[in-house]
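What follows is a pair of complexes built around subunit A, which joins subunit B in one and subunit C in the other.
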Partner chain A sequence: MTLQSLDIVRRSATTTPSPRARGAHTGEVAKLIDVSKCIGCKACQVACMEWNDLRDEIGTCSGHYDNPADLSAQSWTLMRFTEYENPDSGHLEWLIRKDGCMHCAHPGCLEACPSPGAIVKYANGIVDFHEEHCIGCGYCITGCPFNIPRISRKDGKAYKCTLCSDRVAVGLEPACVKTCPTGAIVFGSKDDMKQHAAERIEDLKSRGFANAGLYDPAGVGGTHVMYVLHHADQPQLYANLPAQPKIGAMVGLWKGAAKPVALLAMAATILAGFLHYIGIGPNETDERDEEAARRELEKPS
Partner chain B sequence: MNASREIVRYTAPTRINHWLVAIGFVLAALSGLALFHPALFWLSHLFGGGPWTRILHPFIGLFMFIVFVLLALKVGRDNRMQAADWTWLRHARDVVANREQDLPEVGRYNAGQKLLYFLIVLCLLVLLLSGLVIWRAYFSLYFSIGLVRLASVLHAIAATVLVCAIIVHIYAAIWVKGSLRAMTRGTVTPGWAWKHHRAWFREVARGAAKPRT
Partner chain C sequence: MADLTRRQFLKVTGATLVGSSLALMGFSPTPALAEVRQFKLARATETRNTCPYCSVACGVLMYSLGDGAKNAQPSIFHIEGDPDHPVNRGTLCPKGAALVDFIHSPNRLQHPEYRAPGSDTWQRISWDDALERIAKLMKADRDANFVEKTADGRTVNRWLTTGMLAASASSNEVGYLTHKVARSLGLLAFDNQARV
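The block that comes next holds the complex of A and B.
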């Protein structure tokens, strides 16, 4: 929903500036998820349901801990569990990643969306869907490098994590952050979160995780949801977290060059017709043609 | 040929079919273009707003495809390229300059019309296949994200080519006077047929070409 207290820096399918007189002078926000501290209790999933009034259908056991089995219009965040046998240490590691919208600085969904104002990026970095403007085409799914948006079967609109933009707008932290019992999810300015991450990474390195690091992928301009990973060199280990996410080449072509080139081609074709008509003129059939035709028709065959 | 010596070019069923394709095309193009560029989003108001445009467009596209196939089957025979057509194409400059006297005799369709026919067939096949892949409500979930992205680009490209092709097609009807009535009333004057489609004119004159379509 539109929040007057947050300023918009980008708006889908809009070519004029968005309301942005008030800036985010305290800096951009970020949520930091420390995967090494997560115990997989899913309290954040429950908090998300409660705050956003979401109730997914009760599913069936799919044989692993992921529950529900996938994100949906009613489940905006989901713990994804991976059992990883570390070849170096021989240990079995339980990698638990809280999946959900990453709030990219260059959001592929916003790039792809054809409906003015259905997706906005606030000055504080949050990427939000305004469902009242959503037409349900699903282009955001096509554009997203993280496979996050889901179209609701109830209303045909797209939904995803809002980073609790409604809470953040009034100075509260997101519901998942508030509820996390281990402090694995923290929230603050992006700078502070990076600093906090650096301390965590140092600690992890001292405990033998030489490749510990921050996941803030540059391919999408950085994200406003970041992870501390014990194996930052192999993000794919964490339920296929993309190593180098970026807006796909096809999406770039479709939403970039194709649009102006196509409109220009159509306009040029019309212009060519106009110039031809004015310059060379119509091709008319005159009396001589009719006469010639008549002669041929009357010729005994 | 009827009493006023006019030549029948299209029978009523063909004319109706043609205009169904035309209506389908205009509606498909307008609803598609609404989603293609922000500058054209206002076109969605013609269809009852954004969600209705999104819902209706694929069905309109399917409608156009089906009625086009019927038309294409009817006129396909007369659109096969022949040796003389390539000579005709080499004289494209004369065509554009209205100097028809130097051109090889043309059958029911000239080489330009034939190429346009094949281009439209190709575009519609691409539009149909890619359109199904990007139809989020029913089909996209069966395809990989890479394929959906490729189909999105292909759909946009094929739509652009088709729109340009149809602009050429419409302009040709404005440019070559006496053509439009072939699709409205079904007849052309003997002079028109003699001038633009002489080989076909002679077939008709010999009584060899009964209007099939």
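The block that comes next holds the complex of A and C.
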């Protein structure tokens, strides 16, 4: 197809790694969301819809600031608002988190996906869905520790943030990053983003947020969308951001142990049937069997 | 398998031939191929403008269909912030980020309209009619309500009964002129991109 396909490092439902001629020698990319700088204006949501040609249905007010109420196949990112009364300071804190795909280094969606090539991971760290291969089973939702993918009711396929892979591929930043008026969302190489985060954390600590820190969870091998949190010790404060996200045990069991065993059992069954057919052959009846059957039928019951 | 008959040998050979043929004809696992969505701005025409909403006046880049060729009718399909503009350096607020839908909105006002007192319908009028009517009403109101001096004799030259509320994708220079026109009339209630 294109040379781009050489940049794939992992592919769903494919045990053998794709041959890779090129690597991300300039490092992986990352998006850093500084929760402490976010004002909740939702420009990122609008820019995302504009760039990706998405228009969600106009919903109804659900009584809180989250709008739309949840992620959908047409809303790939969403500001989640939480009012938190800090017991230490007594202050009311308005915590705003931009929710969306975290682009994990070990993606649970890719792990769980049964359709070859429907989910791929590029060398730059982006995890992308390829809807033409998607069978709409929804296993990616089960596999995702952050509950991000959504199935479209229009075409029955799964959708989520692509980290604007089409923009990043030509050297641009994602649409949400570009539009952010306060600079709460920044984009660059993962190393640079970690350094930027370290500076922000130092600043937050000097302003009284002793537990400020970076959210780059090791349970999924680190992510390519990271947060600077003022309460990094309690990520669940931010609209239930999981403290220790992990790919579900069932996904590991089905895709790890059960799958090869089941495949082996299937292959053995087919092979046994084939050998039986060749070696022993099908059941055949001769004249004596037919005669016995006729007598059996004619016998008065 | 030592007592393989002639018939059984033919069956095995046939099955093998069918299997390998199926694999050759494409019933085998596909190689890992995938590509990102095509970059939609690659050869679009890029035009600079100013966001029409508020007085911050952010720079925007508008992308339209076609490369400017005579036979291509341009139509804007994407707008994002202008990274070279000193005001916003590429950023846009949610209203600015949604400008493309504002342009193509069926509710967008595209020509002057007039609603007579007591009427419930708008009627289309020409720009000349609109400007003439506005000028006449402004003159009448200003003649009636212009305050040259206060009660204690201080010169103020102000006109408090009319205001100007407007927005446009105008440049800094247009903003300067707008300011001069409005202020020289004595207008105080004044909000548009020339405000700041």
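Methods note: the second predicted complex is superposed on the first by the 258 of 301 C-alpha atoms of A that agree within 3 Å, B and C clash if a C-alpha of one lies under 4 Å from a C-alpha of the other, contacts with A are read in each partner's own complex, and residues count from 1 in each chain.
Heads up, the rule we're going with is that a contact is a pair of C-beta atoms (placed from the backbone, for glycine too) under 8 Å apart; a residue touches a chain by one contact, two chains touch by 3 or more.
Keep in mind the model is a prediction, meaning the values are calculated, not measured.
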Report task. Would you check which partner chain A:201 touches, where first means subunit B only, second means subunit C only, and both and neither mean what they say? Result -> neither
**Report entry** Contacts of A:225 with subunit B and subunit C, given as first, second, both or neither
**Finding:** neither
Query raised in the report: So, does A:180 touch the first partner subunit B, the second partner subunit C, both, or neither?
Result: second
Query raised in the report: Regarding the shared-chain residue A:156, is it in contact with subunit B (first), subunit C (second), both, or neither?
Result: first
**Report entry** Touching partner for A:116 - first (subunit B), second (subunit C), both, neither
**Finding:** both
**Report entry** Residue contacts with subunit A in the superposition, subunit B compared against subunit C
**Finding:** B
Query raised in the report: Should A:214 be classified as contacting the first partner (subunit B), the second (subunit C), both, or neither?
Result: neither
Requested in this report: Quick one: classify A:279 as touching subunit B (first), subunit C (second), both or neither.
Outcome: second
Requested in this report: Please indicate which partner A:50 is in contact with in the superposed arrangement: first for subunit B, second for subunit C, both, or neither.
Outcome: second
Query - Partner chain in contact with A:14 - subunit B first, subunit C second, else both or neither - result: both
Query raised in the report: Do subunit B and subunit C land on any of the same subunit A residues, and which?
Result: 14, 116, 133, 281
Query raised in the report: Once bound in the complex, which stretches of subunit C touch subunit A?
Result: 1, 4, 8, 11-12, 15, 29-40, 42, 78-81, 83, 88, 90-94, 96-98, 100-101
Query raised in the report: Which bits of subunit A are touching subunit C when the two form their complex?
Result: 1-2, 4-5, 8, 11, 14, 18, 41-43, 45-47, 50-51, 116-117, 120, 128, 130, 133, 162, 165-167, 169-170, 175, 178-181, 183, 274, 278-279, 281
Query raised in the report: Which residues of subunit A touch subunit B in the complex?
Result: 13-15, 114-116, 133-139, 141-142, 147, 151, 156, 248, 250-251, 253-254, 258-259, 261-263, 265-266, 269-270, 273, 276-277, 280-287, 289-294, 296-297, 301
Query raised in the report: For subunit B, which residues count as touching subunit A in their complex?
Result: 5, 34-39, 41, 44, 49-51, 53-55, 96-98, 100, 134, 136-137, 140, 145-146, 148-150, 152-153, 156-157, 159-160, 163-164, 167-168, 171, 174-178, 189-196, 201-202, 205-206
